[in-house]
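You will see two complexes here that share chain A, one where it goes with chain B and one where it goes with chain C.
Showing the complex of A and B:
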């Protein structure tokens, strides 16, 4: 899934549709076309929680482009850690993504993907009400 | 099962909701704040949107060039000292030190202190903070009841607001259901939205198997 709060920033994770294995390297295409040259462009590989509780997040890898031009494109490589896996339950999901952000404007774009064993997210199903469980 | 990330009432979606004030009402809020000497309180019961309104006001103040200094208190963080230790308040508001040092922080730029959860402070802590806040160009607090600062805005909720918020989250409610939920939670919209999270998630959302068996 790709999101952007502006038409001026775009990030794509190559092969996102297939998912990724823990520890795998991923390639990401970055594209920006801003009205002014930013001080910094940064791509951040992160996971975050989604659901009922307070959000938690961690940036595990990043790539900085110092004093970039107002418009540009770049393909970068980032390495995934072994954990946490993409995960979904009723109360919380863990979602992986790459965020592209320009400073100081804060304009950003985001691409999400799945990381886990067999390139699939771990799904936690309902607690069984069967007797003895 | 609806994954947590797709639940329309997930926290990140609820936190993205903004307080509903028209442009005219915003102008009234800031006009009132100026007339009150840039001092004021947003008051209202639990879950009525005080923090949301305070955040929206702070964002507008920053856009106008103000330096916004945040203090965030709640039931788990009820003193200035604890707030400083947890990074919820700047140290210069809680510690001693020369008066001119504190003044410097406030004079660096037009400075407004926004304090969420003022009712958590003890009388002594509030008195100490009030003395330091004299040097701030502006103060806005939230509190459950009026009295600590002149009332700037009274937050209220009604079933219609709950219904509007649910519609914005992509999960519309019938008016009768909104009225029932609003009544059940005594107007606490935050708790109503949390209940809707659980219902939308489907099945038994539990934190322990025993709780699930008890509610089955």
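Showing the complex of A and C:
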């Protein structure tokens, strides 16, 4: 899933449709075309929670481009950690993504993907109770 | 399919309207108090910018009469500034003739002809004062700041669309900044509690005790009671009373007067007890007082410890709340059980949790309960004391009124639910106290770490089983926990997504000790903990104990992700 508040920023995670394994390296294509050169462009590898609880997020890796041109493109490589898996429960879900953000304007774009064993998210309500319970 | 996140807080219009009025009142009242105290402090701080000059005391006395408040201090002094001589009668910048128990000693120190220090306004040299107010007074403004903060936080919480005002997820950094801001506000709130509680405890609890101890070295001096009465102090909250006794004594050839009865500060309710004290010191009575040999104008009639001094330790409760809150906020912010991996490491760094397993010999690990019984007992005791402490004040007033035949049915009915809650808390405390002696379970895993898909052995031992656990049930559960704001309070929802019964038995031998098997489903989610959301795996131990509080404890199990290939 790709989302951007303007057409000026774009990020793509190569192979997002297939999902990723924990610890795998992923490649991300970054594209930007801003009216003026930003001070910094940063790509952040993060997970965030969604659902009933207040959202939490953590950036686990990042790639900084200092004093970039107003327009440019770059392909970067980031390594995923072993956890947490993408999962979907009745109350809480975890989503992984790469966010591209320009400072100081704050313009951003992000691309989400799934990370988990078997390259799929864990669906909690599919976990069965042990027999006899 | 992942559930759609609710990105915009949904709050009814009516709730928002009433909430807005409520928090506006909080905000306005707090702001008014902050403005008033701030203005008072600023006025009192001005003499710190003035010039310190020597002055000669011309006259000093305590005055009373229709033109002055009872016990007002009057001091006239002369000083010279830039070659010109001035005479002033002003003692404080905001009160030229202050009154108060300490003014008698103040006036007696400034005998006519003696030298004092005054503070002269260089821009208006005719303006001078003898005393400067303590700058620590400015800290009082922190107390009404709590109301301002609550008002602002409530209004923001009600009307702010939050971080996620659009369908597009906001930058990840915004979430971190929000959390950091919220934590800053929580630190500030608890910090004020600790500061205000600490200051009040020091002034009303510790200082009187220190004075009692230091007065052991004061000189016992014969004195004669000049006057004694119970003084009434009325304000919007009602009437309180204080013991007012004046006595005269001689020391080193000088006749002095004292008006300090004991080291207890302030006024309080209870007329009868004070009247009894006053009756013991009628005018004309010859008795003894205790005089500070280093400052003979300081004297006291009763220097022993009095039970009213214990009331001065009541603000210690606020200090404890403040400090406890600061510690809790600091500890909850570190999320020690979060699984994280450093950038580029490719491996997993597991942060040991405070409730994590204890490594034992042979790769075994002992599990610890999520919350201790002692912690539950102390927590409940704290709430019970706080609640019943406040309710008992009103209850005593109500009972006294009924005994005087002036009972109010309205107040009685209003107070009833609060009293019932207080009684329930007392029962709860008694139950928790007995639960401290209930049998306890010791759980040991056959492995030092557990991963998704693993099968491990669990061993249990029930200590103090002589109390007779009639049935033991151990359940292995996986739960989601989600914490969110609901208006001004916080709620946590839990949902069990997995349950396995490890043992359910009423066989005495199997209850005392035994082994079972834990199977972590291969397609499940590992343990996860962030500030507001958790995946928790735990062993739920329930032991039915006839005629005694049951065993009911949860032991958290940290389930790691599958081993990387």
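Everything that follows uses one rule, which is that the second predicted complex is superposed on the first by the 126 of 133 C-alpha atoms of A that agree within 3 Å, B and C clash if a C-alpha of one lies under 4 Å from a C-alpha of the other, contacts with A are read in each partner's own complex, and residues count from 1 in each chain.
Methods note: a residue touches a chain if its C-beta (ideal position, glycine included) is under 8 Å from a C-beta of that chain, and two chains touch if they have at least 3 such contacts.
Being a predicted model, the structure only gives us computed values, none of them experimental.
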item: Partner chain in contact with A:92 - chain B first, chain C second, else both or neither; value: both
item: Contacts of A:62 with chain B and chain C, given as first, second, both or neither; value: second
item: Greater chain A contact set [chain C / chain B]; value: C
item: First (chain B), second (chain C), both or neither touched by A:106; value: second
item: Touched partner set for A:53, first chain B, second chain C, both or neither; value: both
item: Which superposed partner A:27 touches (first chain B, second chain C, both, neither); value: neither
item: A:125 touches, of chain B and chain C: first, second, both or neither?; value: both
item: Where chain A meets both chain C and chain B, residue numbers; value: 50-55, 88-93, 95, 125-127, 129, 133
item: Residue ranges of chain A touching chain B (in the complex, touch as defined); value: 50-55, 88-93, 95, 123, 125-127, 129, 133
item: Footprint of chain A on chain C - complex, ascending; value: 1-3, 5-6, 163-164, 166, 168-169, 171-173, 175-176, 179, 338-341, 343-348, 452, 475-476, 478, 480-485, 493-495, 497-501, 519, 521, 523-526, 528, 530-535, 560-562, 564
item: Complex contact set, residues of chain A against chain C; value: 3-5, 22-23, 44, 46, 48-62, 79, 81-85, 87-95, 99, 101, 106, 108, 110, 117, 121-122, 124-130, 132-133
item: Parts of chain B lying in touch with chain A, wherever the complex brings them together; value: 1-7, 10-12, 194, 197-198, 201-207, 209, 212-213, 216
